[in-house]
Amino acid sequence: MSVVDHLPILIIIIPLIAAPLCVLFDSAKVSWLLALAACIFSFIGSIKLLNTITASGPISYSLGGWQPPWGIEYRLDLLSIILLLLLTSIASLVVLFARYSVEQEISKNRIVPFYATLLLAIAGLSGICISGDVFNLFVFLEISSIASYTLISLGKDRRALNAAFKYLVMGTIGATFILIGIGFLYMQTGTLNMQDLSERLPSLYDNRTIRAGFAFLTVGICLKLALFPLHLWLPNAYAYAPSVVSAFLAATATKVAVYMLLRFLLTVFDFNFSLNTMPLDVILIALGSVAIVSSSLVAIFQVNLKRLLAYSSIAQLGYISLSIGLASKLGIASAIIHLFNHALMKGALFLALGAMIYKVGGAELKHCQGMLKRMPLTSLAIIIGGLSLIGIPGTAGFISKWYMINASLEAGLWPLALLILFGSLLAIIYVWKMVEAITLQPSTSTATAPLTRDEAPLTMLVPIWALVIANIYYGINTELTVSLAQRAANILVGGY
Amino acid sequence: MELSITLMLALLLVPLTVAIALPFFNSSPNLREAVTLFGSIVLLICAAMLYQTIDFDNPPQLILAIPLPNYPILFSPDPLGIMFSLLVSTLWPITSLYAIGYMRQHKELNQTRFYCFFALSIAVTQAIALSGNMLTLFIFYEMLTLATFPLVTHAGSKQAKQAGRLYLGILMGTSIMFLLLATIWSANIAGTLAFQADGIFPADTDPFLLNILLLLFVFGTAKAALMPFHRWLPAAMVAPVPVSALLHAVAVVKAGVFTLLKVVIYLFGIDNISLLPAADFLAYLAGFTIVAASLIALKQDNIKARLAYSTIGQLSYIILGAMLATSSSIMGSSMHIVTHAFGKITLFFCAGAILLATHKTRVSELNGIGKQIPITLCCFTLAALSTIGLPPFAGMWSKWWLVQGTIESGQLILTASLLISSLLNLIYLLEIPLRAFFFQQSTTPLTFKEPLSPHLLAIGTTTLLCLLLFLKPDVLYHLINLIDKGL
Amino acid sequence: MDIALLAMLCVTAIAAIRIRDLFAVTMLFGIYSFLTATFFLSLDAIDVAFTEAAVGAGITTVLMLATLRLTGRYERKPKHNIFIPLIVVSITGAALVYGTLDAPLLGDPNAPAQQHVSPRYIEESPKEIGIPNMVTSVLASYRGYDTLGETFVIFCAGLAVIIILGIQDSGEVHPGRSAIGDQLVLRVVVKVLLPFILLFALYVQLHGDYGAGGGFQAGIIFASGFILYDLVFGEGDARLIVPPNFLKRLAALGVLLYAGVGLYSLFNGKAFLDYSALSDNPTSAQHIGIFLVELGVGITVFSVALTIFFAFSGRAQITVKTDRRPPL
Amino acid sequence: MSNIAGLFNYWVVIFLMMAGFFVVISQGNLVKKIIGLSLFQASAFILYISIGHVSGGEVPIYVEGSNLYSNPLPHVLILTAIVVSVSTTAVGLAIIIRIKETYNTVEEDEIQIIDNRKDDEDEPVEEEHPAEQKEDQS
């Protein structure tokens, strides 16, 4: 076997191993380089894997050389690789960005463990996306969760601690629910391997244990996914965590939760059972709709921009779950598309805010005074990201909106189409609140910042603009996103 | 590459390049404005050449990108589009000329930003004019809103900010809420968005749905300022005069009605439209808007506000024509896009000139200023006549066809509304020169203060064009007939 | 027997809900863990019982007590009403009961879980792996990758505590001043006990293949030995023996050892963590592999457990300040 | 009847789980929340082990001659799960300690009140580390 055959495990294990190495070397600079190298390696690895998968179908890698279902299997299909690409690319950019931001926001003797923990979070999330074994998935879920709690608690504002604790309690409840769900499945099938499960479950769909297991898995995952009304942990967690952490988690963590949902609903169980036999589709649509409207409304009244974006994230997750609830190929596809695009937008926006915090010292409306003159590039990034969030044509957001509306029309549910558009209207309001604050000339009375041009360092601008450009690129050329998403959806709905 | 395609590309790129180039000339205003002028003239030449070279039987197709499978960003002009593009390209150099004079005398701030976004707006308008399918049209429709936003809020004052909110709120709100929905829905039904002479919807489409779609399209196109979505236009008048003149009398609003015409002719097909009750409803709504707007205009004391409401009325002429969807009414509408443009831009130029010379913005203050700025006011009078639709001015042709259209379709009430509004136009427009020339003014001494300046030149040109289009409307008719042939 | 145990469990749980004295509640939790462990024993889950006892009754309780020292012993009477929680809980409970309605009866040898995957472990592992303790085989070989993940969880917890609490370095310690006062008897007892504890730990570490035990349990016991020493012979003495910074690196080394085994087999052309790369004889290869990974687990668990203890106890001396440091 | 006997065990376990769950979501004191969480998880473990139990089966350690063992797999899973839960608990408790230091309370509602106070806007967490100063100096 050549190294290439081992890529599935390598892209997980390299970041994982990099973490203890950071601790061994115990130097901030080295840790940063290690983290960066590991993430970039995984990114390149996932690109290679993407090519293999698109060429020759799903990849299976049995760990320890034990054949599944006795051993643990790693299994990559299109959905996994989409997520992995997203994760690794964003991780690389975020780590690149982290250098100065971390030096400023995190006390000196914590930087090394910080990078180690960040690496563990990245590896954990990637591990979830690649694992073909439900219990292994649980283990990696816990790695990423514990890492995330820690990273969030590092925020300067003391509310970060409370937020982290809330998240810890909610997250652990969710994890335990998932554990119970897995237990029920195991009870009736005796296996933990996803494929094996998907073969054995259909004969058991009337079994009450299986149905209960299904319920617990769904609820548990929805807790992690921050689906309304289980979202209460999210806003403060994203608002008060260190900039880097907010950017990374906002762009990836909830997306991975969505991945888990799709994986369990459509692979472990199957499309008909999850979204037709079970009433889940209705529930998802209902909760999604509420999430869209309520969270967008709340977002409008935020003064802390990170909090504003956090609420908008909940709304976006509403869009995603709504599209899944449409229970159609197109719906699933649009969910995946939006999952991808939303990660790009939120990544760009949170990183831009991070740069703003680095220079101006805060991300509240009052800090925006004269941003445009002070940090033109960052401001422009925020504006474009915002437009993408609204769904202005020419940005990635527009593509998501197009497909979601198409899906709801195709399902004959035009009120949902209206609702989605109404959501965008609310988005206009809260995005424009940001944009106005940034572009507004500082009135002499409240001019806090000197209007000398004072742009963020290059290691910050590069990741920000990489994501901004991605936003525009995927708004114009959707070869990758749309076609991949549609193929992935076909596979999922068709079965593994 | 085929010449006409190259020219299309040029139409898009020339203003874009100007927009990108301008910031580098921030330091030297003269150079900056030279660039603008040069660019605008190049654009005019390209537009003219395109008109000369284009072959409408198989129009050139330029695909920029394919964001959505089988919905490309496609440019492929039709006679209507060429007409619109020509119109804008003709007026840009003139407006630039005017702007140079105006902005300098008025000592506006951030002039580079102003010219930059101005050029950008022109580029986007060109894109709208040349767009070959509804998706492209929608994309650039939105872009136009964004590109003009900084111009509306140019002053940066509190009032400007609120105007900006209204502007963005109504235009973007309606377009996302209705226009986008309508677009996606049509795509969903028809499977295509490409403009076709006989419409895209399959014959078996549920007529009820078509009615809904038509309503969505029309209300989604708030740029056409059909009531009740007209409030943004008067609000946008806080912008500097050149903006109000070219953008809010021509580019933006005409982009709105242009979109509607495109939708009516090439998405629905006029035969289908005439069957839809929604169309009649909208026609009457337009008729109502025409009269209502004229009445409101009558009560406006601020010159620009009065002109704005007059614009709202005039736009509804075009909507009316489109909704009646008879061949002559369509001809009238298409023509009115051009004729009204020349009239209205002149009027705005004059309003600006009055402001510059006398620092007066209210009609009631104008008593007796005729002796101070006679040339401006003469031009104003002529342009007003054209707008009202009297010979010997271009405005007459379009109104003629429109009235004929209403009569053909037997909607005499609408005919009446047209005539009434013309009467009202007469009153509220001519009040201004009347006051200026014949009312006596008490206080300040009456000195002639009208030195020859670029903006005066611009005013003269547009006024002449009004006259010219009456005497030699060949180009216009050529294109109009082509459209008519397409129906 | 079972019934009695279950009854006691229920009583403890209810008591834990009602009592407001957190110290008592913690103790109850310890008892609860012990009972659970006993129950596990009665269900033939000897390794789990061992671990639950060591962790639940041991580490967790100690940590909770250390926390209570800082946060205060009594809980305020909660104001907010308990109806919504009650509803949520009853719904969840109902769902669970519903789930069990079709469940195979307890101990049914024909239950699906007993039929599908596990038979392979039971029948083959003694031959394939060559060690009698099937739990160890599955833990360290068949599902060795899960255990690697588990080790990283521990490592992550260590990092987390270092990040959140920071950790007192060996410099600032108070030899002789003990947490529970100077008590000769205790000192003597501990002095005598300590070597045995550590020996027992080693035994558990190595004996994992044959009986209950393994790296995890061993690590905990080893650590608890030090903890005991630290408690009795005064805060910081243990820190002098194993300085925290060294512990940090030790933990890292433990994880690396485990992952290293995986990489070794990977670079020898086998799948990740495929022990057959370690030796030509398959069973001895498994032996080596399991020994190494268990060692890795042991080291990590030991050092992390100790780190956490140090961090908590180190924190214990810090009086709560109210003034705040200016923003960095 | 045998049915009830066979399932009774599960139901007790469920009761225990819910007891823990109830503590988590009903109690205001953070420490107690964590205790509840541990209870909840510990009870969930019993469920798993019950799944693996085989009546008359041996402890899953191979001895000559016997061929009926309890299922080792759930044991392995729970070993992992226990470790995960203790790690979570440790992190939770650590955070509680910091909360106590910065808010000077561990009662949820009091913390909420402090959080909502406007004047506390972006106030840094008090960073209290003997170790820190040492390392900063060296």
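Labels A, B, C and D are assigned to the chains in the order they are written; within every chain, residues are numbered from 1.
Heads up, the rule we're going with is that contacts are C-beta pairs under 8 Å (C-beta built on N, C-alpha and C of every residue); 3 or more make two chains touch, one makes a residue touch a chain.
This is a predicted model, so every value here is computed, not measured.
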* Structure fact -> When A-C and A-B are ranked by contacting C-beta pairs, first comes A-C
* Asked: Whose C-alpha centre lies nearest the centre of all protein C-alpha atoms?
  -> A
* chain A to chain C: how many Å between their CA centres? -> 31
* **Separation of mean Cα positions, chain B and chain A [Å, integer]** => 45
* Using the average of all C-alpha atoms in each chain as its centre, how far is it in Å between chain B and chain C? -> 75
* Structure fact -> Chain-centre distance (mean CA atoms) for chain C and chain D, in whole Å, is 12
* Asked: So which bits of chain C are touching at least two other chains?
  -> 96, 100-101, 103-104, 111, 113-114, 117-118, 121, 143, 146, 149-150, 153, 156-157, 160, 164, 166, 327-328
* Which residue numbers or ranges of chain D touch two or more of the other chains? -> 17, 21, 25, 30, 51, 73-74, 77, 80, 84, 87-88, 91, 95-96, 98, 123-127, 129, 131-132, 135
* So which stretches of chain B touch two or more other chains? -> none
* Asked: Which of line, ring, star, complete or other matches the graph of chains that touch?
  -> other
* Structure fact -> Inter-chain touches occur between A-B, A-C, A-D, C-D
* Structure fact -> The answer for chain B against chain A in the complex is residues 65-69, 73, 135, 138-139, 142-143, 146, 156, 161, 165, 168-169, 172-173, 176-177, 180-181, 184-185, 187-188
* Asked: So in the complex, which bits of chain D are touching chain A?
  -> 17, 21, 24-25, 30, 33, 37, 40-41, 44, 47-48, 51, 73-74, 77, 80-81, 84, 87-88, 91-92, 95-96, 98-99, 102-103, 111, 115, 121-127, 129, 131-132, 135-136
* Using the touch definition up top, name the residues of chain D that touch chain C in the complex. => 2-3, 5-7, 9-12, 14-23, 25-32, 34-36, 38-39, 42-43, 45-46, 49-63, 68-80, 82-84, 86-91, 93-98, 100-101, 104, 106-107, 109, 123-132, 134-135
* Asked: Which residues of chain C touch chain D in their complex?
  -> 2, 6, 9-10, 13-14, 16-17, 22, 25-26, 29, 32-33, 36, 39-40, 43-48, 51-52, 55-56, 59-60, 63-64, 66-68, 70-72, 75-76, 78-80, 82, 85-86, 88-90, 92-93, 96-97, 100-101, 103-109, 111, 113-114, 117-118, 121-122, 125-126, 132-135, 137-139, 143, 146-147, 149-150, 153-154, 156-157, 160-161, 164-169, 171-172, 210-212, 216, 244, 308, 311-312, 314-315, 318, 320-328
* Going by the contact rule at the top, pick out the chain A residues touching chain B in the complex. => 387, 390-394, 398-399, 401-402, 405-406, 409-410, 414, 417-418, 421-422, 424-425, 428, 432, 436, 440-441, 475-478, 482
